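Letters A, B, C and D mark the chains in the order given here, with residues in each chain numbered from 1 onward.
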Amino acid sequence: MNKTRLEAFSDAVIAIIMTIMVLELKIPHGDDLDALKPLIPVFLAYVLSFIYLGIYWNNHHHMLQATRKVNGKVLWSNMLLLFWLSMVPFATGWMGENHFAPLPTALYGVVLLLCAISYTLLQNKLTKHSDGENALLAEAIGSDLKGKISMIIYIAAIPLAFVQQNISHAIYVIVALIWLVPDKRIESKINK
Amino acid sequence: MNKTRLEAFSDAVIAIIMTIMVLELKIPHGDDLDALKPLIPVFLAYVLSFIYLGIYWNNHHHMLQATRKVNGKVLWSNMLLLFWLSMVPFATGWMGENHFAPLPTALYGVVLLLCAISYTLLQNKLTKHSDGENALLAEAIGSDLKGKISMIIYIAAIPLAFVQQNISHAIYVIVALIWLVPDKRIESKINK
Amino acid sequence: MNKTRLEAFSDAVIAIIMTIMVLELKIPHGDDLDALKPLIPVFLAYVLSFIYLGIYWNNHHHMLQATRKVNGKVLWSNMLLLFWLSMVPFATGWMGENHFAPLPTALYGVVLLLCAISYTLLQNKLTKHSDGENALLAEAIGSDLKGKISMIIYIAAIPLAFVQQNISHAIYVIVALIWLVPDKRIESKINK
Amino acid sequence: MNKTRLEAFSDAVIAIIMTIMVLELKIPHGDDLDALKPLIPVFLAYVLSFIYLGIYWNNHHHMLQATRKVNGKVLWSNMLLLFWLSMVPFATGWMGENHFAPLPTALYGVVLLLCAISYTLLQNKLTKHSDGENALLAEAIGSDLKGKISMIIYIAAIPLAFVQQNISHAIYVIVALIWLVPDKRIESKINK
C-alpha cells in the first residue's frame, strides 16, 4: 500500500489544525494597546502549541521518510494521532483564555500525553509491520528514550498543575525544546 | 484522465471537514470541571463522526488505489459524496448540542445514509467505467454485502430515533465498528 | 516551470472555500423542525455554490491537464480566480440568510461574473503562453462560446434581480446546469 | 531529504491562511447597501493581505524550485515563516475592523516585517545549506536588494502610522506592487 496519500492527508490535517488555532485569537474591539493585552496569554499558548504541532509534523515527516510500506493498522494509528492533535486547539484556547489556570493547564498536559502515546503507537505499528522492510526505521529509533522520557514528564506535569501551574508550563516548554531538534537518529541513518 | 488530483482534492476536503468539526467544541468560559460538562455530548458526537470520516477516507483511499482511470461521471459522483460528508459537521454539532435528542439523532442517520448512498454510487461509477480496466476493483467489491447491510441498518435507525434514540446511537456505533476494519477484500486483491 | 504545485495550491484553496461555506449553516438552538426551517434558504444557497465550486474545480482540473507549462502571469491569473472564488462563501451566506433578497441576489451574480471573467483570463494566459506548447488546450477551447454566453447571461441576471429576483435565481441554476457537464471538448482532445 | 512534503505542507498552510481570512468578512444582518458599507475597509484590508500572501506563496514556490535539498534547519525556518504568515489574518482583521486606525496599521507593518525577516532567514538557510547544491538559488538571489529595501521600508512605515497612517498604507501597497512581479532573477536562471 502507498504511503504518499497517508502523508498528504496527515499534512493537510496538521496544517488545518495549526491554522484554525489562530482563530482563537479573536479580534478585539478597541484599537489601542489595552485591547491587545487580554490576548497575550492566548498568543503565548498559541506559540507553544504551534511549536508542538511543528515538532509532530517534522517527526512524522522523518518517520514516514524511513518507512517503505503502510497497512490498515498504520492508517488507523495515524488517525488516532490526528484525533488527539485535533484536540490541541481546544486545549490551547481553554488554557490561554483562562490565563493558564490549573485545570486547563492540566488538560493541556493530558492532550499532549495522549498525542505522545498515539505517536509511540504509530511508531510501533510502523516498525512491527516491517518484516525487515521498515528495519531502517526500527534501527534509527532504537529504544526511543526521548519519547519515553517525554511521556513520564507529561505524567508528572498533569498533577503538578494543581500544586503550582507554572511548573507545568515550564515542563511543557522544556519538552518542546528537547524535541525542537529534528530526529537526528533517523536523518543520519537515511544519509548512510 | 488522472486520478491523482481527484485523490488530493478529496483528501483536502475530508481533512478540512474532520478538522472544522472540532470548532463546534466551543471553548467554555469557566475554568473548572463544571464548564467542561456540557461539552461531553458534543465531544462524544465528535469522536463518532471523526471515526466515520476516517472510515470514509480509508475506504476511499483503498477504492481509488484499485482504480486505474477516472472520468467526468466519477468526478461528479465524488463531488456528491464530498457534499454529503460536508454535512456531517452540522449534523454532529446539532446532535451533540441537543444532547442526542430524537430529531437531531434521526437527521444524523439521514446524513450517514446519504453519505453511504453516494459512496455506493461512486463505487458503481468506478466499476462500470472500467472496460476491464477497473476490473480489479469490481472483483474485490463483489456484491458489496457490507455496504448494502449498512444502508438497510441506517434506514431502520432513522425512525427508531423517535421511539428510543439510544437504539439509533447504538446502531451508529455498531456500523462504525463493522467498517473500522479497512476493506480486506480490496487489500488482499491488490497484494496478489 | 512546474504546474504540479499550482494544481495542489488551487485544489487546497477550492477545497477550503467549499468546506468553510458550510460553517454558515449555523447550528440552531432548538431541537425540532421549526429550528431547521430558517436554515432552508441557507442550505439551498450552499447547494448551488457547492455545485458552482465543483464546476470550477472540475474545469480547472481539465484545463491544467491540457497544459504543459505555466509562468508568472498564469500564477497571478490563477490567484485572481482564487480571490473571486473566495468571495463565493460571503455572497452565498448573505443571499441565504436574507432569503434571496434582491441586492444579495445581485451581488451573488456579480461574484459569479467576476469568477467567470477571471477564469477566462486564466484560460487566455494559458493559451497565449504556449508558443505551440499549449496548442492542445487552445484548440480544445476554440472560441469558448459557452464561456462567453455564461458571462452575458450573468450580466443580464444582475439587474433582473431588482425586477424579480426569482428570474436571477433561475438563471444561476440554468448556467450551473450548462456547465455541470465537464468540458467534453478538452477531454476528447486529450484522448486523441 | 525530500522537499516535496515541505512544499505540500507550506501550500496547505498558506492556502488555509488566505481562505480563513475571508471569515473576517462577517455576513451583515441587513440586505441593503448600508449593511455592506462597514465591510468596505475589511474588504480592502483583505485584498491587500491576499496579494501579500499570494506574493509569498509565489516566491516560496520559485525559491524551492531552485532548491535541491532541505534539512532540519530549513524545515524550522519554514515553520517560522508560516507562523508569522498565520498572524496576517489577525492583523488584517484588526486593521480592517478599526478602519485603518494608527496602532492596528503599525501592528500590520510589524507582522509584515516579521514575515519578511523570516523569509530572508529561510532564504539564507537554503543557500547556506548548499555545498554548491543550491548554488543556482544563491546565484539567482545575489545580494537580495529587493528584500533588504522592503524591510527598511517596513521599519519606516511602522512609526509613520502614528504620524499619518495613510502614509503607511501607501507604503504597504507600494511594497506589494514591487513584489507582485515574480522573481525574474530565479526564473531566468532556471531557464538557462
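By definition in this document, a contact is a pair of C-beta atoms (placed from the backbone, for glycine too) under 8 Å apart; a residue touches a chain by one contact, two chains touch by 3 or more.
Everything numeric in this text was worked out from a predicted model, so none of it was measured.
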item	value
Minimum number of chain-to-chain touching steps separating subunit B from subunit D	2
Farthest-lying chain, centroid of Cα atoms versus that of subunit D	B
Interface residue identity across copies subunit A, subunit B - same or different by half	different
Centroid spacing, where centroids are CA-atom means, of subunit A and subunit D in whole angstrom	26
Multi-chain contact residues (two or more partners), subunit A	8, 12, 16, 20, 23
Touch list for subunit C against partner subunit D, complex	1-2, 5, 8-9, 12-13, 16-17, 20, 23-24, 71-72, 75-76, 79, 82-83, 86-87, 89-90, 93-94, 97-98, 101-104, 107
Subunit D residues within the subunit C interface of the complex	7-8, 11-12, 14-16, 18-20, 22-23, 25, 27-28, 31-33, 36, 47, 50, 54, 57-58, 61, 65, 180-182, 184, 187, 190
